[in-house]
Structure formats: structure tokens, C-alpha cells
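Chain naming follows the written order as A, B and C, and within any one chain the residues start at number 1.
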Amino acid sequence: MTQTAYRLADIAARFGGRLLGDPEVRVQQIATLDSAQPQHISFLSNSKYRAQLAATQAGAVILGEPDADATALPRIVCDNPYAYFARVSALLNPESKAVPGIHASAVIGEGAQVDPSAHIAAHVVIGAGAVIGAGSIVMAGCSVGDRTVIGENARLYPRVVVYHDCIIGNNLIVHSGAVIGADGFGMAMEDGRWLKIPQIGRVVIGDDVEIGANTTIDRGALSDTVIEDGVKLDNQIQIAHNVRVGAHTAIAGCAGVAGSAVIGRYCRIGGSANILGHLQIADHVEISIGSLITKSIREPGTYTAIYPFSSNAEWRRNAPYLRHLDELANKIKILQHEIEALKGK
Amino acid sequence: MTQTAYRLADIAARFGGRLLGDPEVRVQQIATLDSAQPQHISFLSNSKYRAQLAATQAGAVILGEPDADATALPRIVCDNPYAYFARVSALLNPESKAVPGIHASAVIGEGAQVDPSAHIAAHVVIGAGAVIGAGSIVMAGCSVGDRTVIGENARLYPRVVVYHDCIIGNNLIVHSGAVIGADGFGMAMEDGRWLKIPQIGRVVIGDDVEIGANTTIDRGALSDTVIEDGVKLDNQIQIAHNVRVGAHTAIAGCAGVAGSAVIGRYCRIGGSANILGHLQIADHVEISIGSLITKSIREPGTYTAIYPFSSNAEWRRNAPYLRHLDELANKIKILQHEIEALKGK
Amino acid sequence: MTQTAYRLADIAARFGGRLLGDPEVRVQQIATLDSAQPQHISFLSNSKYRAQLAATQAGAVILGEPDADATALPRIVCDNPYAYFARVSALLNPESKAVPGIHASAVIGEGAQVDPSAHIAAHVVIGAGAVIGAGSIVMAGCSVGDRTVIGENARLYPRVVVYHDCIIGNNLIVHSGAVIGADGFGMAMEDGRWLKIPQIGRVVIGDDVEIGANTTIDRGALSDTVIEDGVKLDNQIQIAHNVRVGAHTAIAGCAGVAGSAVIGRYCRIGGSANILGHLQIADHVEISIGSLITKSIREPGTYTAIYPFSSNAEWRRNAPYLRHLDELANKIKILQHEIEALKGK
């Protein structure tokens, strides 16, 4: 793939910022400061790495006002260099557009509406009455269930499954192996047997959502599971039935959200974190990697439950006390009383 | 989809219970107390939510004897309202039946036996000598390995993979992306290289088992991995080689069971819990969410290993002591001796 | 499947070791000591199970020098009985070879090079310009992206997805549902919206790598994600963007490695363990099951962070103190001062 080259002046005209140095410099790809070559534009998003500017071979650099004079390279100075880098990278690495058409091997259900501008790849199955919006790309081997509606400019990577009756907004990105709309885990015990509870809710997904590889989002039991606008889910996340994830919340890989939990807007949930069912998590809550949240969180802030690792030998000396903390506390109480008694003598 | 409506009298005739109020009321869907409309039947499975009965707009309600008189709505009074709800919901929301036939794009291996009443959807591959039982539905893009036998009334959602030589009973439900029968993780180190140990066991699954989306069940190394009757597995569970899961045990999402562990009957394993290899877990054991079980459990009961979360600031003040519990305990011991010495003065 | 039988003498001639007893004994399958029948060869890899030799019905046994005389059965005595077992099992259970050819339903992109000796199964999609090496088997429903190169003797089980522009060595085994090369989780926040950062790196995988079912390995953000030679990954592992996993490291099921972490050679990472982003883990490090590693590890050894489980009642008595360890430590300090004061009296 040959990359289109852009003049620094073109980039600044498009995305703003203050251009210093030669505006005619051309860049065709983005790279880190230490790997960049003259045809690359690089970026400094954290002043503490400023020293790397000295050695970089980048043709140009994106940086913030505090670092505006930290290099003599052609540069764009802006408020949010990391976001600016994202925009420049998207310009230099545009996503392929949908090539309109339906592959001969795809199977389109009765009454399905595939927009003429959409691309349906080989071995895809689109269910009866399903809708695929304009500009959407459904890659090889995906399966979209009956009556499911997918908006415009969606991008379903190979082997994504969306079950029936789900509603998805515009600009969805779903990576391979993700499963949207499978049955929630609902059953009732009767006479020593589990009875399945039909999962008749849907999954409803807003605009601008990205879903990682092999992530699963279950349909609701009676009402819907809801993923609001701008939510970003990494790989292998499990979202159980009737969960609601608030707008612009980001969840890292392997996290799990149990049934009917409600997560606020602009939360950041760390990888492998777990949230118990039926909890409420406020907006702007950050949950640390690997932490299990067992009660609702009403206040913004960072919450953590990480058992600190150590050498196995040190762990072996310490961990057994975790079953005897109550005794330790009790011994301290007794000692306090005894010292009071001694002092009173 | 238009829903069939049922008279309350029909429902009570079918499933039992004591009918109070107008038996001619018709309901066509189930709903929660707070979202139900007059065409809905709702349920109260926990008396502590009894207050919701006052405001519900449901046409009828299912409830237990203690709540029999807590509403004047048409109602069915029964012993186990949650199970009754499951039964009514299954009546109102019947699973689609198999439409007999094999899609033209499906590939059926030599000597495979697909029952004439089964449905094989588009892009499915059935291996040589495999067997698909009566009434089973194999949805789009599934792959069933050579010589694998699947019983009657199975329901394989799109993109399920079952490897070769597995044996599966009746009424199986498997959600998309699940993988049954992949190689267990077995290898031997020799001269700095891992040698693969062929995994020649099978996966053997009983009747009435449900397996969630993207769950993986590995085949046995030498003998079989066994999932007994009535086991319910949620999404993204990992069952390693040679595990046995006892009948009617339910395991929630993202849990992992390491190799050769044997789990009893009627256990309930919480989400993201992990069970070490080669352990034995008794019948009727409940394991809390996120808990790691490192020793065999011989007695029924609930077992837990949850590190309580707190604000990050509080965690930072406390967590470092986890590496020094032995010192704290030792200091207490010294204090005890010193006080004894002081008292002896 | 009829198994070929091998004389013990043939096996010893092939793999070495000291043959004791009848060299003409024929074995056709491998089995554990307690399940073996006369047509089986079994093995004793740990002397502590030596007592099982007395009751085994195996036709022959593989064992180490210390156990050479612990049975009168025909036997092969060797240095590493477990590795020897792996070699004998591979002899008795050879993987099927590729049947050259491309299934009529497979879709091969423009300019793709599929070696004539490779097997491409039904409903596979091979992208434009991709390369599939000699003897490789791509099973049903796999998707290989544009320009991706896969070496010789690869074995992709059904429904594997490899995205575009990845580079994979020889002898790869990938189990079903694995996803290689999906986008890493990279984005920048700007004005309350997440901007996607294009993931323009690749996944580069060495020789002799095995990847478990539903494992995900993300492509790099700017540079590559790298899996070195001989790495073995179990099921449902998440490898984030720009991670490097050193040669011959083995990672058990459900583990997660966050972005840009660098793991050394010959490490062993336990199931459900997690490694934070940007860490460095030395060679020959062992991480216990379920442990979260939050700092770089510079020295070989075993590292652990396991909260010991207990009965729920015991846990309820002890866990609350975890939020008050600082207070306990402080009380001890006060007691120490008071005792010093009392002693000074």
C-alpha cells in the first residue's frame, strides 16, 4: 500500500494548531519518536519524554504548548497532542470504504433490506427482515439475525454474530468473534432441574460504539441490554443481560459486568475487572485493573481491589494471616486493655 | 411477531396453581411488575418487593402463597412463582421448531447421518460420519467434526464449533462462538522445547445442557472431559481437559476450571471464579464470584475469596501491609511477652 | 480409526532409551497406568505414583532410571519419561496430513498464493495477496486477511480469523475461534468523545507456536505485537497491542497481558493471571494462577498474589479488616511506645 503524503501546512489547515518550521515538509505515516524516519510525523503527548525529541529522526512532530520550543523540527503545537495524533493517523490511514455489493455466496433472508451502498462479503448470512444501513461493511462469515437493524457505516469484521431483533446505531465497529444478543443466563430451579427462562429482551446499541474481538453482550431477559453512544469495549468482555453501559464509557479487556448492573457515563473500567449484578456505578468512576466491585458506587473517583503480588516465598509467609485478621485485631484489643490496667497500677 | 394470547384459566390448567380472580383474562406476554401492561402477566418471586403490586398495570400476576392476598388482580398462586414464571414465559415465547432440510451451501461429510427432521443452515460443515439427531437445528456457519454425535432437539447457534469424536446428548443449546473439543493444553518440556502431547480424549456431554457464547470446553488428554446432565454454563467459561462437571451444576460467566478438576452436582460457581487443576469439589458447593479455589472442598457450603474494594486512596494506605502481616503478627507476639514480663514485675 | 501397532523395539530404536523385557510386545495406543489394557503403553513420570505400577494392565511402560526395576513389565527406561510419552503418543496418534486442494466454496483473493500442497476447506476466505505455505491446513470457515503470510505446515482449526498484514512462521497451530490481528484498544479523548487511533502495526508470530481456542492477539498500534518461537498459548487468552511474548513461554487459559508488556523467554504464566501494560518480565519467571502483576519483574522466580479462600463465614469475619490494616499497624505502634514508657518507669 502506498501512502499518500501530506504537507504539514495541509495538516494544520485541516486540524488546526500552530505550525512552526517548514510548512512544506511532507509526511506519509505516523511513528513513535524513537522509530520515526524523515517521512514520518511523530508526537510528544507527555512532556516527561521530552528528551526523546533530541534523537528523533522524524520529519515533523506534534506537541503541546509547554514543549513548543523543545525542538527545532517542523512541528504543530496544539492543546491535545494525543488527540491530534489520532486525527493525523486517521488521515494517513483511512479505513477502506465499502465496495457496494453482495457476494454471490452470501445468503440474504426474506424481506431483508441491504442498502445498495453496503458491502456484504462471502459466506455472510443476513436474517429475514434485517436491515443493513448505507456504507456498512459486513465481512466474511458474519451472521446477522432476523429483524436486526444495523445503522450506517458499520464495520463488522469476519465471523461476528448478531442475534435476532437487536437495534444498532451508526458507525459501529465490531471485531471478529464478538457475539451480540445471545441469551442471558437466566433459569429457575424446580424439583432439582433448571428451567430455562426465555430471554425476550434485545440488545440496543447507540452510535459510535466499538466492540472488541470475542466480546459477548447478552440480550435482555424481559427488557433490553443497552450500550449507549460512544461506548468502547475491548476484547473478551462479558456484558450480561439487562446491563446498561453509559455513554462514552471505556472498558478494557476481559472485564465482566453481571446482570442488570447499570454503569454510568464516562467511566473507565480496567482490564479483568468485574462488576457484580444489580449494582449502580456513578458517572466518571474509574475502576482499577482486576478489581471486583461488590457494592454500588455513588461518587466519582477511582476504586481498587488489588492484592499486591510478591515473591512466592513472601506470599507464603503472609497469606495465611488473611484468615486470622480477626484474631490479630482481637489480640491488639486485649493488649490495649492490659496496658491500661498496667498504667493504672 | 404476533403473540398468541392465553386465558388465565388455560395457564392454570396447564401448570397448576390456585387461580384467583377472573379466569377469562387473556395475557400474551410476560413482563416485570413495573413495566407490565394489561395484556401482560407478571410475577412476584420475592415477597420483599410486594409493594410493587400496588402500582403494577399487569393484567394478571403469578405469586406465592404468602402473597396470595396482597393484590386484587387476577392471579395464580403457586409454590414456586419464579419457576412458574419460567414455564409461562416458555409457553408464551416458544422456541422456533426445526424446519427440516439442509441448505444448499452446507457441506455434509461422507457417511454423516443428518436426521430428516433436522435443520442444517447455510455454510454449515458436518464432518464425515457425524450424526445430527431428530429435530436438531444447526445454524449458519457451524462446524461439526468427524464422527461427532449430537442428540435430538439440539440448538446450535451460528458459528459454533464442535471438534471430532465428541458425544453430545439431547436438548443441547450452544450459543455462538462456543468451541467444544479443542485440544487441551498439554505439553512436555524437552531440551528447551515444548513437545505437544496429542489430546486423544473426547468431550462427552449429557442431556439438557446449555453452553454460553464463546465458552470453550477442551477435549481430554487421554480420557474424556465430561459435562453431566443439566449443567448450565454461561458465556466465556473455560473448561480444561479432563474436567468433570457434575449434573445440574451452574457456572456463571468467565469462570475457569483447570485440568482434571472434578466438580460435584448442584454446585453454583460464581462469575470469574477459578478452580485449580486436579481438585475435587463436593456436591452443593457454592463458590462466590471472582474467588480462586486452590484446595479441594469436601463439604457443601459457600466458599469465598474476595478482596474488598475501596477508594484508591484507602487501598493505597492498606494494601502495602499485606506483605507485612507476618511482621505485624510477630510484633503482637513480642508485645504479649513484654506485657507478661511487666505484669510479673 | 484403526491404530497402527508398534513393537517396543521399534519405539526404542526410534526414540532411544533402555529397553527391558520382551522387545516384541506390540502397543497401539497410550493410556494412563490405571486405565491401560495390554495393547497399551503407559508411563510413570513421577516416582511418587510408583505404587500404581503393581496394578496396571498395560502391555508396556515408559519410566525413568530411578524406577527402572519397579516393575517386571516390558519397559523403556529413559531420562525424561513425560517427554518420551509425548513422543510415543505423537507416533501412535499422528496428525492428519493436508489433502492438497481448495474446496469449491472457498473464496481466494486476487494474487493470493496458496501452496499446491496446502488444504483449504469449505467456506474459507483467503484475502488478496495472502500466502499459505506448503502442507498447511486451513479448516472450515477460517478467514485470512489481505497480504497475511502463513508459513508451512500450519493447522488452522475451523473459524479462526487472522486479520490483514500479519506474518506467521511455520508449524502454527491455532484452535477455533482465535482472532489474530484485531485492532488494539487505542483511543484519545477529545471534547468528551473518544477518537479511534488507527492500529497500523501487525502481529508477527514465530515458528512452532500454538494458540488456544478463542484466544485474541491484537495487532500493534504503531509497531508490531510479537509472539516469538515456541510460545504456547492456552484458550481465551488476551494479548493486547504491542506485547512481546518471549520464546518458549507458556501461558495458561484466560490470562491477560496488557498493552506493550514485554514477557521474557521460558516464562510460565498461570491461568487467569494478568500482567499490567508496559511492564518488563524477565526470562524464567513463573506467575501463579490468578495473580495480577503490577510491576516489572527483574529476577527469575515464582511470583504470587492469591487471596486464600475460606468458608464464607470465615471470610466475613476477616475481610473487613483489609480496609483497616493501617489502623491495626498504628495501634501496634502505639502499644510499643506505651510499653517502652511502662518499662522506663
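As a working rule, a residue touches a chain if its C-beta (ideal position, glycine included) is under 8 Å from a C-beta of that chain, and two chains touch if they have at least 3 such contacts.
Predicted model only: the values in this text are computed from it and were never measured.
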Same or different residue numbers at the chain B/chain C copy interface, by half rule: different
Angle of the C-alpha superposing rotation, chain A to chain B, to the nearest 5 degrees: 120
Chain centre separation in whole Å, for chain C relative to chain B (CA means): 26
Residues of chain A whose C-beta touches two or more other chains: 105, 123, 141, 159, 177, 214, 236, 254, 272, 306-308, 310, 322, 324-325, 328, 332, 335, 339, 342
Partner chain A, residues of chain B touching it in the complex: 29-32, 35, 80, 82-83, 85-87, 89-90, 92-93, 95, 103, 105, 121-123, 139-141, 157-159, 173, 175-177, 208, 210, 212-214, 230, 232, 234-236, 248, 250, 252-254, 266, 271-272, 289-290, 306-312, 315-316, 319-320, 322-326, 328-329, 332, 335-336, 339, 342-343
Of chain A, residues touching chain B in the complex: 105, 107, 123, 125, 141, 143, 159, 161, 163, 177, 179, 182-183, 185, 187-190, 192-198, 200, 214, 216, 218, 222-223, 236, 238, 240, 254, 256, 258, 272, 274, 276, 288, 291-295, 301-308, 310, 314, 317-318, 321-322, 324-325, 328, 331-332, 335, 338-339, 342
